[in-house]
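See the structures that follow.
Two complexes follow with chain A in common, the first pairing it with chain B and the second with chain C.
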Partner chain A sequence: MIGAGPAGLCAAIAARDMGARVTCVDSGDRPGGQLVKQTHKFFGSRAEFAGKRGIDIAGMLADRIRDDPMVEFMLDSTVIGFYDDGAIGIEHNDALTFLRGERIVCATGASERMLAFPGNDLPGVYGAGAVQTLMNVYGVRPGKAVLMVGAGNIGLIVSYQLLQAGVEVVAVVEAMPQVGGYDVHARKIQRVGVPILTSHTVKAVHGTRVVEGATVVALGSDFRPIPATEEYFHVDTVCLAVGLTPLADLLWQAGCKMAYVPELGGHVALRGEDYETSRRGIYVAGDLAGIEEASSAMIEGTIAGLSAAQSLGHEAPDFEERLATARAELAALRSGPKGQKVRLGIERLMRLGREVGVVA
Partner chain B sequence: MRDKPCVEPGTQGRIPDAARRARGPCAVIECFEEIPCDPCHDACRRGAIRPFDDINHLPEVDFNRCNGCGACISVCPGLAIFVVDETWKDDLAVVRLPYEFLPLPSPGDTVAGLDRSGRECCAATVVRVEKAKRQDRTAVVWIEVPKPLSMEVRHIRVGGSAIGSREG
Partner chain C sequence: MTGARITVHPILEFKEGRKVRFTFDGQVLEGYEGEPIAAALHAAGVRVLGESPKLKRPRGFFCAIGNCSSCLMTVDGRPNVRVCTEKLREGMRVETQAGKGVLLAND
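Take a look at the complex of A and B:
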């Protein structure tokens, strides 16, 4: 398992349950991936820990396999390359080791998108993930007053977490004419008094050595700035939550057939229903397979882990039932209005996969 | 354009009407958008939050079964459930709300009562603060507010009210 976030951990649990030996490699110092920063309670159904906090889910998942002799964790270990002979290179403590897996589940997650504007290189301009790491992993406030850019779930949740840490959030700006994240997340910060400015974006960030302020501008229906609508905010921090893109370098290197699917966040691997890519033996799961929520990442991991282990000849009496349950839960999570984008993306991905013969 | 949160139309089954509120405490579920989420159903031991056929459906409350116990408040991941009791006192209602900020207020404190857009609309007196282990760090704060504001106040600011102390 490359990556021990929600997808990688669930893949490891599922593969172990089938009787496979598993090694989980992760660059972090503890398992859980982005879960270790998610202090809020999760949505979804009970099977995916709905109502539990992400920070606790990371531990609950890891506890299921932590002491299992069939499972090995390699933490503080970064996979740096995929080699022609099927070996992966792992950097740990400034030393390079190689590992060969009969099957590989790639669950490397996503990286944050950047936004181009004057001043975006000033200290004080952060990605939302970095702000979460500072606050929720290390207990450090990123600043005193923050302008949040992006009203998707991450922008809304991180704004809430900033407020909880005692940081002022002067406003959330969102280029789209509506909030992208869940309405309930938006309400949580609105009732604290944080304005959400839709059809607005950051025009420039100002400061000589560090961020001292930011100019926000209204956007017309053509997404062009409307003249003379600039508004200045006195802030020392600008937090960007403008989307994620799959962290797919290893897949490119492995020669997996990729496709550009904007609804899934960018380039994703063509894959079958079992999440196996065009390169036999390499599976994908989680945000790497398409940007979604942690709850769907967990189920994708389960499907990939079960399928990878089964393809090695491992068997379990409840295999078919577990796979069917996972598929049904995943379909249910994606079936609502908020899942429409992902449904379209997967439809497109599968169509492209059929065209090149990756999907039967 | 500034988004103004409000109680949206088509809220039957989530927002109790004035007649129901006059009969005693009941849940107010301000969940107006279909997302995949259903823990509120499991939280209610009286079966007042109906089972979900589809996890994306909006919750639906049987207001004849709901007794306003508030077990659902801290379970909702969206912090979207409140309990309103308009039978509390002649001119005062109690609003119970989920609260995840520090410091927690104490009973007897005067706090600012905020509406859905964070505007201070009254001074409120804290009556009770529930923080049981099962609530998993989502406290439930009971506040006394003027009865006409029971469906307006949805958050508090600790540290006094600009509008003035209620108890004088």
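Take a look at the complex of A and C:
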């Protein structure tokens, strides 16, 4: 398993349950990936820990396999590439080691998107994930006053977490005419007086050495700035929550067939229903397979782990049942209007996969 | 920036490590052992971690999980250390990096 976040951990649990030997490699110093900074309670079904906080889920997942002799964790270890002979290179403590897996589940997650505006490189312009890491993992406030850019779930949740940490959130701006995240998250911050400015974006960030302020502007229905609507906010931090893109470098390097699917966040691997890519033996799961959320990442990890282990000849009496349950849960998570984008993206991905023969 | 450390939080409890001293461009600062260097610097009010090699624009961290390379500094003489993930230790010498850095002979 490359990556021990929600997808990688669930893939490891599933493969172990099938009787496979598993090694989890992760660049972080603890398992859980980005769960370790998610202080909010999850939605979804009980199988994916609805009602539990991400910070606790990370530990609960890891506990299921931590002491299993069939499972090895390699932490503080970065996979740097695939080699022609099937080995993967792993950097740990400045030394390079090699490992060969009969099957590889890639669950490397995503990186944060940037937004183009003057001053976007000033210290104080931080990704939403960075803000979460700094304050929720290390207990350091990112600043005193924050402008949040993006009203998807991440922007809304991190705004709320900033308030919990005692940081002022002056406003949330969102280029779309409506809030992208769940209403329950939006209402939480609106109740305490944080304005959510839809059809607005950040025009520029100002400062000589660090962020000192930001100018926000209203957008027309054509997404162009409306003249003379600029408003200045005195902030020391601008937090970008403008989406994620799959961290797919390893897949490109491995020669997996890739496709650009904007609904899934960018370039993703063509894959079958079992999450195997065009390169035999390499599976994907989680945000790397298409940007969604931690709950769906866990289920995808389960499917990929079960499938990878089964392809090695491992068997379990409940295999079919677990697979069917996972697929049904995934479909339920993706149902409804908020799941439409992902459904369209996956349809497109599967169509492209059939065209080149990756999907039967 | 005094008070950057969160002491009271409705959900989280922060177990601080051992207090250690390190230097930033010669100035003695304090942080907690094992936290990322960038977190210790940020808590001490240091947000500018370096400058861009060409235009010399100030640089801070962006992703904080070792992906983006916006936070490269020279640590104990070694250039291009990602201080958002490198753990703080007693007596570390942290310096703003000029240019792209030169590999040490034993690297």
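Here, the second predicted complex is superposed on the first by the 360 of 360 C-alpha atoms of A that agree within 3 Å, B and C clash if a C-alpha of one lies under 4 Å from a C-alpha of the other, contacts with A are read in each partner's own complex, and residues count from 1 in each chain.
Going forward, contacts are C-beta pairs under 8 Å (C-beta built on N, C-alpha and C of every residue); 3 or more make two chains touch, one makes a residue touch a chain.
Everything numeric in this text was worked out from a predicted model, so none of it was measured.
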{"item": "Combined model on chain A: chain C and chain B, fit or clash", "value": "fit"}
{"item": "First (chain B), second (chain C), both or neither touched by A:Q164", "value": "both"}
{"item": "First (chain B), second (chain C), both or neither touched by A:R53", "value": "both"}
{"item": "Chain B versus chain C as contact partner of A:D121, first or second or both or neither", "value": "second"}
{"item": "First, second, both or neither for A:L247, with chain B first and chain C second", "value": "second"}
{"item": "Chain B versus chain C as contact partner of A:F42, first or second or both or neither", "value": "first"}
{"item": "Partner chain in contact with A:D183 - chain B first, chain C second, else both or neither", "value": "first"}
{"item": "Included angle at chain A between vectors to chain C and chain B, based on C-alpha centres and rounded to the nearest 10 degrees", "value": "100"}
{"item": "Nearest-approach distance, in Å, of chain C Cα atoms to those of chain B in the combined model", "value": "5"}
{"item": "Doubly contacted chain A residues - partners chain C and chain B", "value": "53, 164"}
{"item": "In the complex, chain C residues that touch chain A", "value": "1, 3-6, 8-12, 14, 16, 35-36, 38-39, 42-43, 47-49, 52, 57-68, 84-85, 87, 107"}
{"item": "Touch list for chain A against partner chain C, complex", "value": "27-29, 34, 39, 53, 55, 94, 111-112, 121-127, 129-131, 133-136, 138-142, 144, 164-166, 209-210, 247"}
{"item": "Complex interface listing, chain B residues touching chain A", "value": "1-3, 5, 30-39, 42, 54-56, 75, 77-80, 100-102, 114-119, 136-138, 154-155"}
{"item": "Residue numbers on chain A that touch chain B, as the complex places them", "value": "40-46, 50-53, 163-164, 177, 179, 182-188, 190-199, 295, 332-339"}
